[in-house]
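Look at the two complexes coming up: chain A is in both, with chain B in one and chain C in the other.
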Partner chain A sequence: MGDPKEITTIQATTILISTIIGVGVLPLPLFAVRAGETSAPFVTLTGIFLAAVGLFILAYLGMRHPQKTIITYSQDIIGKWLGRIFSIFVIAFFLILTSLAAREFGAVVVTGVLRETPLEVTVIVMLLLASISCRNNINVFSYIHNFYVPMILAPVLIVVAFSLKNANLLYLRPIFLGNDLRGMAAGMLTVSALFQGSFIITMIIPSMKSPKKALKASFWGILISGGLYLLIVIATVAIFGPEEIKQIFWPTLELARTTAVPGNILQRLDIIFLAVWVLAVFTTLFSSYYFTIHSLKELFQLKDHKMLSYFILPFVFFLAMLPQNILHMYEIIQYIGRAGLLITIMYPAFLLIIDFLRSWRRGENVAKQT
Partner chain B sequence: MWQNKHELIVVFLLFFLIPLLSGCWDSQEIEQRANVLALGVDKASEEERKKEDEISHLGKRIPIPDEEMIKVTAQIAIPGRIPLGPQQPGGSEKPVLVVEVVGHTLQDAMLNLQQEVADELFLGHLRIIVLSEEIARHGTARFNDFLRRNPEIRRTAALVVSKESAAKYMNLDPELERVPSLYLADMVDNLSAIGKFPPSFIGLFWSIFSSKGQEPYLPYLTVIEKTTIQLNGLAYFHGDKMVGKTNPLEIGIFMAVRGVGRGGYGAFITVPGKDESVLVRAVSRKTRTKVTLRNGRPHVSVKIQYESEIDEKESASIELSDSAILKKIEKEASKSTKKSIEKLIAKTQKSKSDIFGFGEHFRAKLPRYWDKHVKTKEKWDEIYQDITFDVSVDSHIHRVGMKSK
Partner chain C sequence: MSLFRKKKRNVKKPQLLIPSKAAEEKGDTPTSSSLMVKIKEVKELLGNNEDLQIKQIKIFGQFPAASVCLSSLINQDVLNQDILKPLMYVPEHIKGKEKPINELINLIVTETVYHSQAKVGENMDQLIELMLRGESVIFIDGIKESIHIDTRKIEKRSIAQPETEQVILGPREGFIESILTNIALLRYRLPTPEFQVKTMKIGRLTKSTVAICYLKGIANETVIEEVEKRLSEINIDAILDVGYLEQFIEDNPFSPFPQTQSTERPDKTVANLLEGRVAILVDGSPFSLLVPVVFNQFYQTTEDYSSRFLMGSFVRLARILALVFSLIFPSLYVSLISFNPELLPTEFAVAVAGGRAGVPYPAVIEVLIIEVAMEILREATVRLPKQVGGALSIVGVLVIGQAAVEAGLSSPITVVVIALTTIGSFATPTYTAAFALRMLRFPIMILAGIFGLYGVMIGVIFIFNHMLSLKSFGVPYMAPVSPEDSQGMKDVVIRSPLWWMPKRPQFLRSSNNDRLGLNDNKVLEHNKVGNDQREDAANGGSKGDYNNSSDDDLN
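Then we have the complex of A and B:
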């Protein structure tokens, strides 16, 4: 609490962007295509929309309680104990999310690039990096995100731009294929689950220079990251076609592998893409890790979060090692992701409604007294 | 001994960092890698089949019958002999090693190959895979799984069908390039860059093969003399099986219908009223494909606009000096192109091979019809057999070169 309030609106936006863009970019087209075939971009768009609603609710809640995070204001709104119980759920969820992101990262690296390296090593290296970085205060946290955002956005845009010469627009039609609405709804939930990192906004608002601009920051954050996700889905579907995407684990990585920079400069872009993607995964992991320990600190009303950083490391690592194989891992990720929407969207919406009711009643009481 | 705690920490940290210097698990020196540059796949002959040892399976415990065994010929780069710069003096030694193995599947063959090569096989530089016609006609799907699953394989590698045995291509010694497989791969890449073949690489082959409304195609090569390779046509597929090939000029026709903008082929067009002809070469094209339902039956109309150039006239008696004669040639060119297009479409209809991707147009533009009547690839192939079509070709000759007559 002693940190100066220095985070600007732009920094808040970049934190959101780099937190949202993470491991999810790789399997995203597969999730979207499984749900909607040629209407994958449409599924993605609805998913982004749902995620945006959740984010706006959070930002609005934060603006009503500009000094507090969801851990502390939930105790004001629904009572001390109920608030704490829900907060434990939130923290546990982000603990799981962190470990799954680390595991997914490890799975991609071990299958795609470093085939001899043990999975444990790639996971632990990433987690160590995150836990060491988490010992900084929230302003340093925002600088790190701010620094990496251009490096995350640019290469993805380059890959998409160069790949488009092989695009076949017929693969994108019909835009709305309405024969499996249930599947599409499930896909929408999976896609919006990829945006769960945006929950970090509740932790940033108390440290923002002007918390009133949180809504603006969330709007730009979701617009840029959502736009990028949509672009990736459109590009992969237009190039591979829905049927081919169903056969590939990480269509986005495959897109980078197929794309060459003209003039035989680089015959495949996957190495550049992966190097950048490591940064994107790191920032995502960093955020969810930071959120976990920061929330723990607030829940137990501790002064400092630094020592918690190494304390939770073994738990995260243990959780990351639980999935048996890559198929099992994606089953868990999709399940946890969808269930997590209860925590990241429904819970804040519930808080907001109660909060409205309370202030309305308070207003009525005041009116009665006068 | 240590003056303060700080120093102690620094020393400890240094020791801690030493293991990191050894590099990662995956580090491998380039000389210790067997870089496979090209693979040729043939059907194994009777005596070759007996050569297989029990490497990936014991005895007969494998569901694939011996008759379907394949012979894989790999071209492996020899370290130090691949020319890197433009000038490499005194290089008469062969830069590649050619090894032959047999196996039941592609991965089986690769495992057998590894058993014969000391260095670890590396497929990241694989540029071309040659399938003999016999293998292609038998079905290519059984190779796709291994190639897709292996992260080293590039999606941009070339896949071609050869008239002769694929092993012959691996032993070929082209003069234009030191490394034979690079010449083969360039053959495919460069020819599609100058409009002799539509874009073709293994990733594209897979995408087309997976999608429901089109059938894949591949370049068809043959060996002429001993060291020359010719692009002899386009192999077209039904499902994963090759069912026929076109002649080279029909590749141009195919590209026109498929909507590939870059033209490259020229054809003789008889000048109306005379017995002589001129060579008209397509420069670029524009294709519009429209799909409709006529009385519930699918109908395709293709409109192609040609932008052509006169390259050569056959005899001096043809006067190419006024625009009226160009108009006549244009008309004649349109007529003959239209005929060849209709012939080619009819030919592919007979073998149920929709290489033009008309089915994709139906799927994309008439989703209700597709959902009700087609849905699967097999069904579309049946329907494709008797779709009706009309073709209209519109040629324009804007250039005649540097000669005024």
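Then we have the complex of A and C:
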């Protein structure tokens, strides 16, 4: 760890925001509506709460071990080998997450903008961009996230603001229980799976100037990104209504398409929206890619992560090409997302409990000795 | 192979007398006391030169001596009036005094010669070097030591308005080639003991004087040390301009972005010194080099600060827009035309399509052709003699542009786009930064030709990531924006009023941050003027002046 600890609380917050807001925003209203019909916003809200719980657990764990990431402190808590095995799971999960994000974005670009370009090309370009940027150290990583956040938030807010004039509040009722509970629970899991990027906090804490403020950073991070997600769901549902949304793959993109800028400067907004959206996807991809190679570095106790950056590129690309089509891809994404919750929420919770027990027992031992 | 080498090494080369080496060999041995020997030695080394001037004299009419100098470098008047005259014509006050030969040197330096820079030297090596720098040396028969006097006079141009950075409001002075004048220009703006100038000699042959200027207590010590370290490691035969130094000390030589700022303006240099930067001057170059830099200072000018803040902010916004234009405007055009014409309003799209009807190439090729033509034109205009330049550039732009459109080589809108871009790149005040963006325009254009808007975004993200990863002497390149710094942010997009910026920007890690003093004003108590206008006038503010000791209670 040769880098100075320079990441401020604001930077940690912005890293979380830009990591969480990613390609998942495009199909989010669809997921929410499928699960909750008119109560999609409520489903989203519960999903955000679940994700927040997971994030707070991680942040708390990180604060208890301010010098280490989950890869290293898990070895302290549950033993060297068990910790390593779980770490491999975590890394593999993020490898898959990276490739799926790249693939999903590639699919959006190919259907939305570049209809004649092969999917492989758009995906590989994005991955190359991420892998080259990953060769920087963690401070530059945080500068990059910090820099892009306003540009990620702005287009969504603009689109939502301009589109709200067509909103119909009736589409949002009933607010609670628009669907049966089982479906809503599943939707909640899917939505909170979209927040899995927040796992990155565990990598940031050791490089923070004051790791004590990790909880504050994660609170603001989830508040802003969650608020944005909720806003998008409310806006799309209020404009299209649940039935129509079910027919659309990317309701958010459709939302951008229906908005017109006053003055007719540009005829369509969706392409500009997508273009700026490249940023959001890049930051998400960048985070999960960086987390993967950084964790690999820690797992194998290497000195430098730069080499790994190009090394895992073919694997990510291969994984990204596995789904056969968009439908298949979204099936996988939902499945992987829910399964991933085991890794991103259950595993840290399990670690935290054991950590508590251990420190409690240690405290008891100390008490006995004295 | 090794056999061959050994053989080669044994072959004796014909001895070539290289003056500097010969002088070096003599270096440690003091000059002999005989005048004739000394003159012979000098002639051996410099005898071929027409301007070597040896004048044999008799000091006070009794001691044989010689004044030796290079006549092209010295001020003859000074030599005649202040040196030779008192030596040959015995001054009143020492007439009749006993003049023993062993105290002659002392007598001459302290009582005879009217010159503040008279010194005593002994080694021939050193004396020759001084002679080459414009000093006159007086050899005296029978004495080992010699006197050398600074009689240097070099022609220099007068101080003129800087050519590359002109302003409407603000000082008109620019640096010139002579480093002493340049330091004087800085000193007169900073009459404070904090202003320090360290000098060193770089360049084996040119032995150029390099000055490191900074404000002690304001500039960060580690930066100063780093600058000295990097400079001291340079080993090259010649330093002809600060540009040579820049290439040796910058952090990432392969980056298109400049990581040092060079300026012709003394006021700009002083402003930067006051922010905590270090300036490097080189003898013979009218530019000072400022480190560390951040990107935003490349679109700032001194004028922003000397004009009122609304004016300054407005102009700065325009400049930022021009910067963005010069980077992505042509590629946006290419991607809109060839990939997403549906984004344009219908009427305009029809007009564009009409204009492009006769053009045989895809938009990206068309734009590239015109861009390359524009680059050539621009380069040519710089080289052209002044008298022809103006006329020819108009001919070039108007006639070629018009002809290209009529010949069906490009559409009129392409010409408009390229013209806007070119003008935009001239609006950036720093030549080097404008150049970086000018270069980067081409790869983005090609990306736009392949991937449309997606390609433009990829290119822009790539450039930003690169900029975010750059560092200049330990300071992140995009500093006040990311990593964020609230003090610095006030001076990035807009130029905040001076009283909003009571502290120096933090990213330079200056050891003293206070810019404004807490100064209650008595004259206009009813009205908030001056320092009182700032928000936290009651509690903030500096103690005393720039002084670090903080306890002196000046206010």
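Worth a mention:
We take it that the second predicted complex is superposed on the first by the 367 of 370 C-alpha atoms of A that agree within 3 Å, B and C clash if a C-alpha of one lies under 4 Å from a C-alpha of the other, contacts with A are read in each partner's own complex, and residues count from 1 in each chain.
Operating definition for what follows: a contact is a pair of C-beta atoms (placed from the backbone, for glycine too) under 8 Å apart; a residue touches a chain by one contact, two chains touch by 3 or more.
Because the structure is a prediction, the values reported are computed rather than measured.
Touch criterion met: A:G241 reaches chain B, while chain C stays clear of it.
After overlaying the two complexes on the shared chain, residue contacts for A:N325 are found with neither chain B nor chain C. Once chain A of one complex is fitted onto chain A of the other, the partner contacts of A:L177 are limited to chain B, with no touch recorded for chain C. Of the two partner chains, both chain B and chain C are touched by A:R268.
Look at A:E254: by the touch rule set out above, it reaches chain B but stays clear of chain C. Of the two partner chains placed by the overlay, only chain B lies in contact with A:N166; chain C stays clear of it. Of the two partner chains, neither chain B nor chain C is touched by A:Q301. When the two complexes are overlaid on their common chain A, residue A:V113 makes contact with chain B and with chain C alike.
When the shared chain is aligned, no partner comes close enough to touch A:Q369: not chain B, not chain C.
Residues 113-114, 117, 267-268 of chain A lie in contact with chain B in one complex and with chain C in the other. Residues 24-26, 148, 151, 154-156, 199, 203-204, 206-207, 210-212, 357, 360-361, 363-365, 367, 371 of chain B touch chain A in their complex. Remark: chain A residues 38, 111-118, 121, 166, 168, 170-174, 177, 179, 239-244, 246-248, 254, 257-258, 260, 267-268 touch chain B in the complex. Interface of chain C with chain A (complex): residues 339-340, 342-346, 451-454, 456-458, 461-462, 464-465, 468-469, 476, 478, 481-484. Interface of chain A with chain C (complex): residues 6, 8, 10-11, 109, 113-114, 117, 122, 125-126, 129, 132-133, 136, 139-140, 142-144, 146-148, 264-268, 271-272, 274-276, 278-279, 282.
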